[in-house]
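What follows is a set of structures to go through.
Both complexes below contain chain A, partnered by chain B and then by chain C.
After this line comes the complex of A and B, so read on.
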């Protein structure tokens, strides 16, 4: 089998080499070949590191950890759709409906993303960067299940082209491309990206029957809770108990609802050293600390949301997903250990601040990460200059 | 007091004069290449803005506003239409005066601000802050806080921008987008991230 694939690539290689008729698509050929085989190139100068964990395997392990979230998201989309009609047709049909709804979004995201990537690599002569595998998988998971396909295409185009390719491709951008595309869609089409009605895809029994189910997401329920000190109870009354929220069976973005699966992914990625544990722990710490602080400031006159148990902030909405997969993006996060702690901490703090104090956005993690991406280079710079100042001159 | 703190936070983050109102773009785009110069310009803008905004407040409220000349026995005179011209003149004059004073008394600060101090005369963020101050009917203390806050917001934006440009040293920007093009794109993306705060009512 391995031989067969190798022969296939070896036979086609000549067309893509310099002077071949498909010379311009060499980057595409190369990217397909490295899916199966480690690249044969070696670095010209020291240091040489012998490791099979190249960028592609590195990114692939993130995509691998996203797959359970995707599958669970499909099940959840179906579950919410049938629950809205008070039906329970069995696990298979629930999953099948979600599969039908979500798969086109994922396919559109990959096809459009790759089309831009191939176009840029063919014209500009750079390699097809592996970051796209992750970006194109992350992006649909952050969308509401009712997103029209053309909007998904537009969002991933903006994310890939403006968020990444104009800077020269993966590793050179300064914002997370998937989040850039998501935020662009959020501001460009607020009515399809927010509100109560977009989080549940619907099972259509009669063709053409337009039906909207508006189900308030846990974030909205918590924000509108009136009973001081008992927001958890209000959530539970709305059907969002701690367990529901932790395991993720509630209306939300396709793949971002399950804190449980995010936790597993976080542990695996931290052990493998792919996600920075400093950022993840900093995020969690930031959310908890800020959660406790708003708890303390909560008086009888202030909004009941302030008194929400800080641990709930970790499990509702997209916080867990953002922490594990978005804020740890090695390109847009800072590079130094201390600045990673600060960066993570501030992402957590801003997330809670936006959720609690900004009525314009129910979820804060998306813009909090983008905002801290903007300041990541500044954090690095400050840490370096403090270190240089404290260094004992060696004369 | 609470009101002043929220006005400060508001003018630094929520209504950032550069990233929410897009004022002062020209010097921002021209000088954001290098961190040292951009932080110098940022400090100069904070400095000048926190002086010109309250001074313009006094100019407006004792000379230009309808009925402001009552102290001179002219209660019916309304010179409000002169505010644009006079504000520019006040800013230009003040920048010159400030420059001379700093030159005389603090050579170190003068050297570190360098050419940026006179450049600020033509920075529209300074004029913008004065005009906003009139439009929003701030009191004198509020105009001081607003001046400092807007200057700090502007400085924050240009410093963040220059560190991003440092990170983008390795970027491979397509021909035709190099220079101003990519900086406009970066500014747009930064403004999108700053929308984080829009909608917060303090």
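After this line comes the complex of A and C, so read on.
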């Protein structure tokens, strides 16, 4: 097996070397080869030993923790599709429908994303950065299952090129590329990206049948609830009980519905030290604190949404997914520990503020994260200034 | 005895520690002095190939301060002078005579030491060719004789794999050590601070009257830079002198006996070493007289002076002037199949991404870079590990941008050059090397 793969790479290497016909795609070749074979390069400078952790491992851990969400997302897409027709063909067929609906989106995301990354790597002459593996997996998971493939291609292109490459590639982007692409689609094609009708893919029994399943999302149900203090009951009546919302079996973005799987991923990534626990806890704290403050301002005359239990804000919409996978992007988040706490907290606060007070945007986490991404360097600058003031100068 | 605690750093759980008994090695037929490991000195050669030398004859002087001489640690003939890039002198090889002739220098008894004037003592050490043993923070050049340091630090042992254990090289030499401390006090006008590692109970028990500070912490808690960072409270404290415990013994021996001292205890370790242990040998000994080259496998790296801060040498190399340890570890120049998916029970890491974090067994470190060059992804491991609270990521950007004021404000001159930031970096950015070069450039600009 090992021999076979090694021979495959060794046989193809000559095409990618300088002078070969695929010379420009060397970055792609290198990137694929190092997935299977860790390179033999040794240290030339001090220190003579280096840590085994590299960016590939770092990013692969995130992708690995996204896989359960992808699989669950596939199942959920199928489940919602058949549920809309009041059918239950069995778990396999439910999953199969979701699989063939979602997989093209994922493939498009990876192929188009990689094409841009290879193009920029070839121009700049550096290796492919593994950040793309994560971006191209995150992006389709945030889409409604009904997204046309060309829109997915456009979205990932915008995310990768404008969100990342024009600033110098992974490590130099100040916005989360996956979220930038998602936000682009949201504003460019609102009718396909929001509303009540996009969250359920359809089982197409007769070719050409035009059908739409319209179901208000939990965010909309909560926003439009009329009874003060009983929003949770309104949600439950619409089919969104706490359990449904927590485990995620309801019409939503492909991979962002299950707060439960996000929680598991968060715990694993925090244990591995890949996701910053400061950001995640800051986010949660921010949502709970702001949710509670909003509760306090709620009265009989105000919107009933204000009285929603703060914990519901964590499990409805894409909050859990955004907290665990989007706001923790280390590059677009601030770098210092203190600023990460502040950043996380403000993301949480803004999420609730946007959700509750802005009827135009039912979901707040996406804009909250992008907004705080922009302020991340400022937070760092302030914290560093304070830190450096306490240093004893040498000269 | 005060206790200092260094919070940050990294504990290397590395295989192949040297055994704690001393084995005397046979005297080698040739030895070498390696001038280019003196990072700031500009050597002007005073000898040519074929010249006879005594133990203690001048080999070269420093062009910056011609009075500072570097002497031959053995008697015989010069058989090779090797040059590196830009004509740097990399090796002066001396073939040793059977009966080595040696120079004699002025010597002092303990009573003389009380009476002697500071300047006279400095001249004695400079003429005796060992002034370079005393070094000065923050740049780690040898000390400026005219300067008066705020602290003088004597460091015993250390956490870098592997340093000779102080209880071994001080065994039976406590008097000499005490003489050395008095000598330092005379030089600086202040009692030197003797810093011992916290877990080196043995040494703390042996020398309780001399040790002033016990330093607890992981690597590089032993480093004078780290200790100074913890001690200093004022900008004027930045100027400190330091000397390693074993080097202090050489200095004391020179002043007390008037003979150029050549004996050194060298720790030899690492999992590729046939017989890890402490070896009694001499300055500039060839590696082949510390380890049997026939028993070392082909893909082995010889590192003299510690695997984080030392120098790579070929199997035919020699120990440098400051180096008291030789570590042999695998080169690691092979590809590894599916390394990305390996749970990594035996892969050492600072992060928590491998199972090795819960593996208590000593691990094998190799010289593979374990990853390609990437842009910084702000994992902040470098800042978490830096013993002197520099933010390496930001200091690095300031250095690359040429913002001198900014990197000084970030505390670049506090940098211990311990190598941990480069070690932990998942993007494999050469932080330590960049900082060392920036500091060297800063010194150059100041000297002009």
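Brief remarks on what is shown
Note that the second predicted complex is superposed on the first by the 367 of 395 C-alpha atoms of A that agree within 3 Å, B and C clash if a C-alpha of one lies under 4 Å from a C-alpha of the other, contacts with A are read in each partner's own complex, and residues count from 1 in each chain.
Basically, contacts are C-beta pairs under 8 Å (C-beta built on N, C-alpha and C of every residue); 3 or more make two chains touch, one makes a residue touch a chain.
Please read these numbers as outputs of a predicted model, since none were measured by experiment.
After overlaying the two complexes on the shared chain, residue contacts for A:169 are found with chain B and with chain C alike.
Partner contacting the larger number of chain A residues, of chain B and chain C: C. By the touch criterion defined above, A:271 lies against chain C but remains apart from chain B after alignment on the C-alpha atoms of chain A.
Using the contact criterion defined above for the overlaid structures, shared-chain residue A:367 touches chain B, although it does not reach chain C. When the two complexes are overlaid on their common chain A, residue A:126 makes contact with chain B and with chain C alike. Using the contact criterion defined above for the overlaid structures, shared-chain residue A:180 touches chain B, although it does not reach chain C.
By the document's definition of touching, neither partner reaches A:92: not chain B, not chain C.
Of the two partner chains placed around the shared chain by superposition, chain C is the only one that A:42 touches, whereas chain B remains out of contact.
Chain A uses residues 126, 168-169, 171-172 to touch chain B in one structure and chain C in the other. Put simply, chain A touches chain B in their complex at residues 124, 126, 162-163, 166-169, 171-175, 180, 183-184, 187, 350, 354, 357-361, 364, 367-368, 370-371, 373-375, 377-378, 380-381. Partner chain A is touched in their complex by these residues of chain C: 138, 232-235, 237-238, 301, 303, 307-310, 312, 329, 331-341, 344, 347-354, 356, 365-380, 383, 389, 391, 393-394, 408-411, 413-414, 417, 419-420, 422-428, 430, 432-433, 436. Across the complex, chain B meets chain A through its residues 35, 159-160, 163-164, 166-168, 170-174, 177, 182, 185-186, 189-190, 192-201.
For chain A in complex with chain C, the touching residues are 2, 5-6, 30, 34-43, 45-58, 60-61, 126-127, 129-131, 168-172, 271-274, 330-331, 333, 335-337, 384, 387-388, 391-395.
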